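Following this line, the structures themselves.
The following pair of complexes shares a single chain, subunit A, combined with subunit B in the former and subunit C in the latter.
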Partner chain A sequence: MSRGRRSSAVDAGGAADSEESDDEGSDDEGGGDGEGSDDGPATTERVTRRGVETGRWDGIRGAALALVGVGVIARRPGLVLLGAVGVGYALYASVGEAPAATLDVTRTVSDATPEPGDEVTVAVRARNAGDAPVADLRLVDGVPPALEVVDGPARIATALRPGSAAAFEYAVRATRGEHEWEAVTAITRNPSGSRERTTAIEPADPARVVCTPELAAGGDLPLRGLTTRYHGRMPTDVGGAGVEFHATREYRRGDPLKRVDWNRRARTGELATVELREERAATVVLLIDARESAYAAPEPAAETAVEASVGAAGQAFRALLDGGDRVGIAALGPVDCWLAPGAGSAHAARGRDTLATDPALAPTPSGDRFYRSLWLRRFRRRLPADAQVLFFTPLVDDAAASIARRIDAHGHLVTALSPDVTAGETPGERLVGFERRERLRELRSAGIRAVEWDGESFPVAVARATNRWSP
Partner chain B sequence: MVAVSADGSPADGGANAPTDRPERDARPPTLAVVVALVAAAVASLAGFLAAPLGGALLGAATVGLVAGSFRRSHRLLSWAAGVGTVGLAVAGYRGGGVEALLVGGVALAVAWDAADHGLSVGAQVGREARTRRNVAVHAGTTLLVGALSVGVVYGVYLAAAGSQPVAALALLLFGAVVLASALR
Partner chain C sequence: MVRPLVALGVAAVAVGFVAAVDRGVASALDPSETVVTLIGALGVVQGLRYANARRRRRREAAAPGDPERRAPAAVPGADLDERIERATGPARGGHRARRQVRERVRELAVATVARERNVSVEAAERLVETGDWTGDATAAAFLARSSSYPVRVRLRAMVTGRSRYEFGLRAVVDAIRRAEGERGAGGAEATPEADR
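Our next item is the complex of A and B:
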């Protein structure tokens, strides 16, 4: 196949050198790396940054001349010759510019829609499309920050003749979210290594992985007594149809016969009607703390509080939806995320997508600024009046606790669900853990229910906490 | 507790900054260390043949190169190369043979170059990646340049053997230095 290909080079140093790489013909391209999916004109974007002096041969001239000087003074021809060899190396160091990496890079991932935890093999192939050999080439692939490389570094160092190619493979472990690879960084040096140039190469087809976890229902989730007028599973203090006894009242015409208290009729002769506890649906908004401070983990490789929160929110979402409640999703963070409460299978699919791939809940922080009061105003405007809030937060700063109290104060019952991401090694870490427990205590004393879990599964923690709560 | 911040995310694009993903071993590639060690041993041997004191200094330089490779210190490598150069100067001053000096000089250059190159490859790519070709090409080129220099210099020396004083050689060299400066 013969593909027309443009190649652009932007020289940050000012000297704009744009090279036109030849049509690549049908040589070894597309041999077995399955990149024939795009037949249109693909572009390999290259951005060349200014070359730098590495300075590694600095001092060779001085050493050479010193040797010559000693040789002349001491009348030793050997030293003069040695100095001359040193001058040869100095010459070698001063010739040659670091070449711009005119590479065609293709990148293929083995599975574009993996399950969480799957290993995805990434194959990178770089072909020297220029007409000069590259004596010293180091390639670093732009692995998405949230993906962990589990097999082999995503790097290679090699030398490439014109037209030849280097290929390497590595494996990443898929995590929840939508991940797009960044540009490949190519570092080239001239043969002596005295000059170095960095080039960012954007492959024609940037690899992308979308990883959407299945939502597993996580047991029964206790809600608080704020409900809608829809029938559901929350026992209320309203008498009516249901299963649990609530009260008796005197018979009124039209009451169903099966609710008449026949025992009482037999005992006293009066007609009475049994009232049962009405069960209604609740509106719940799952609020996930995704501020930068929530991207905290007990150790570098462990999952962050945001990951733990999203996992737990997924279980809660499924469990509540199965129980007939109306569930929505919101993120407390700089990037806006709002899924209005709803029910039904379409809503379940939307919720699964939101939890998996919404940029607000990305596995790494966005880096934008977060304005708390603006966020709170918008959140309150959107929140239905009868909604209660399940607030997933690691509670590692006072802002989270204060937001929970403010939402509660506005009449929305709040349950705080807090993954414990504190560690206990150093005094500082213990202090953070202590402060977090204090915040939990304050929330509880303010009448806000709080569940914390650490290592154990979320449903177990909820079941344990539920035993303490009054209905 | 570890905060994962936006700019703290492993920016793999960073060229010189050794960005440490946990899986990466930033030590220099084994081949580079082996090449440096062998070349330094050759340099020590040549220095010892020229003059024992010079050989001893070159031996110290070998130790310095190995230590610099393990401690990943460019500065230590530079010091080692400096000590090696002094060793060569001492060996030459003490009347070492021209051939041994030239072999020692090229071997020292290859040893330092391989070690230093290994450090930068280790920092940017790591030990576990495929680096063999890169290191071999680099060390081979340095050896070739050294051999060429020695060939030219030694050829001139033989052609002018005996009849020319040292000052004439130095003047020749001065011309080469001017040429080198002009080429920059």
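Our next item is the complex of A and C:
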């Protein structure tokens, strides 16, 4: 709500030409410095990061003095005069301080909740709220690290008189996640460029884009024979009501008539009851590797393993929920993330939100430290006893494989689903690829199912792998 | 040391300004060839000294970076490549890096041999040790204790100016891939069934 109001206010301001906004500015901000105007909508926060001497005119004094000296020795007035020009430049360089960037910055995004792949236009408008002109101003916007600018640079170089404004626009391509813009960096210099000041300007309304992909159903997902007492789709070894034949046993009083084996009764005269394989629901926790090492890709600009894992987990989540299973989500990483297993449409919405915007699954690593044993203890405490784990991990280090084995050792059936993000160019990349395959084999020989996919879609890989498995 | 020099300079400038206005003071100065040349030489020396001192100072400028690009993802193996670079280059610490990389490759080769030839890990270690695990002499020499690189490789290393280690490493990587038989882990491997 507040976002809408603010952006409209900005639009009104933006429509005004710089001449008009001159007047507006002096009315609005009066104080000049604009340090948090009393009740105005824009309370731009400014922090001076650093002020330096650029050294651009270094040596001009020495050169001028040497020129004068040469002129004197050679008795050439022309050279002495030339030296005087150098002295003029030296004076010019030493005059003036880099002006403070007393700017009011507003930033608006065209769509706060785009679909993945949409282009979002970002408009930035900066108004000089101070009394002094800014002769040399460079503004660089703090685009979120996971977003790529597809149209126009996210920066501008300009000069601003007091009260006048400059604006620029650029477009970013939306990707999964919650993206918050960082501060605008303003670099101001004095006219000669000898002094420079860098200021971080936090616009009053921090722009934010939330991009939540739809969960596509990903076909059928292989589960293992650990189930709950709820009815569902997983065939079990328990006889009872169901579809598939399981066994026959002696008739007991109270057995339903339709399950009596009449053929046998006709043949031998004994009453027997047919038992069918009971189908029950499973509890599944989708565990996504989001440690810093999982933010890896075959190329620096390619999709990371975390993105691939989250995409696949979304398909698995939908498929399992549709199949009547209870599904939860957890992240293996420094930031805590836990969605307890559940079912129903409200749970589906929660799961979609978790996969899209949970900070633990952010598109760029958080940078915090990860404590494995602490994480494992907490995860085991939360994990329901009858839950099985689908572990999405690129398996690019030994820790992931060892965690899979540890969870398996605690009696939870683990299936490792591994996007292949290794490249095959240099010897180092190839060796890491070999090591990863070795880890997959070790997991398999330890009785943990493993599926890897690379390039092909996740459901195709799962279907191909499932053919090899017995139920 | 600096103070008297500064005082002298300020005094000289003051006299100069006064001389520009007052002819009396100007005529009191000795305008001879030597004195003027001396003053000029002083100016040149001082100017060059000044300019030179400033030349070494670093230029500073704010670098706002590249916010338009996406944060680059890490490529698995890039750190290992860096270590290999250090191992093959002339940099210090190369010996340790060489040993670490070789150990890592050896473990991989032993695991591959043990699996593909269906032998125990000890037997695979022996095979790698003696160099009998592969037909490639260069790869064998990289991991073996006794055998040495073929003459062909030694010559090539000498001509190209690169280290034998580099040739050996590439050969080993190729040999491991051949031993694996080009087959991905997701391929036709039997999966042990361990449903409980």
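FYI, the second predicted complex is superposed on the first by the 429 of 471 C-alpha atoms of A that agree within 3 Å, B and C clash if a C-alpha of one lies under 4 Å from a C-alpha of the other, contacts with A are read in each partner's own complex, and residues count from 1 in each chain.
Here, a residue touches a chain if its C-beta (ideal position, glycine included) is under 8 Å from a C-beta of that chain, and two chains touch if they have at least 3 such contacts.
From a predicted model like this one, the values you see are computed outputs, not experimental measurements.
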Going by the contact rule set out at the top, does A:155 touch subunit B (first), subunit C (second), both, or neither? both
Going by the contact rule set out at the top, does A:421 touch subunit B (first), subunit C (second), both, or neither? both
Tell me which partner A:141 touches in the superposition: subunit B (first), subunit C (second), both or neither. both
Is A:65 touching anything from subunit B or subunit C once the two structures are fitted on A? First, second, both or neither. both
Thinking of the overlay built on chain A, is A:295 touched by subunit B (first), by subunit C (second), by both, or by neither? both
After superposition on the shared chain, which partner residues are touched by A:338: those of subunit B (first), subunit C (second), both, or neither? neither
Report for A:370: first if it touches subunit B alone, second if subunit C alone, otherwise both or neither. neither
Applying the touch criterion given at the start, work out whether A:431 contacts subunit B, subunit C, both or neither, answering first, second, both or neither. second
Examine A:445 and indicate which partner it touches, taking first as subunit B and second as subunit C; both and neither are also allowed. second
Do subunit B and subunit C land on any of the same subunit A residues, and which? 54, 56, 59, 61, 63, 65-68, 70-72, 74-75, 138, 140-143, 145, 148-149, 153-155, 185, 187, 196, 198, 293, 295-301, 304, 364, 396, 421-423, 429, 432
Of all residues in subunit B, those that touch subunit A in their complex: 1-7, 9-10, 12-13, 15, 21-24, 29, 50, 74, 78, 82, 85, 88-89, 92-93, 95-98, 101-102, 105-106, 109, 113, 116-117, 120-121, 124-126, 128-131, 133-135, 137-138, 141-142, 145-146, 148-150, 152-154, 157, 166-167, 169-170, 172-173, 176-177, 179-180, 183-184
Would you tell me which residues of subunit A are touching subunit C in their complex? 50, 52-56, 58-59, 61-75, 138, 140-143, 145-149, 153-155, 170, 185, 187, 196, 198, 224-226, 293, 295-302, 304, 364, 394, 396, 413, 421-423, 426-438, 440-441, 444-445, 447-453, 461, 464-465, 468-470
In the complex, go through subunit C and note every residue touching subunit A. 36-37, 39-55, 57-62, 64-65, 67-84, 104-105, 108, 111-112, 115, 169-170, 173, 176-177, 180, 184-186, 189-196
Counting only contacts in the complex, subunit A reaches subunit B at residues 54, 56, 59, 61, 63, 65-68, 70-72, 74-92, 94-95, 135-138, 140-143, 145, 148-150, 152-159, 168, 182-183, 185, 187, 191-193, 196, 198, 200, 292-293, 295-301, 304, 364-367, 396, 421-423, 429, 432
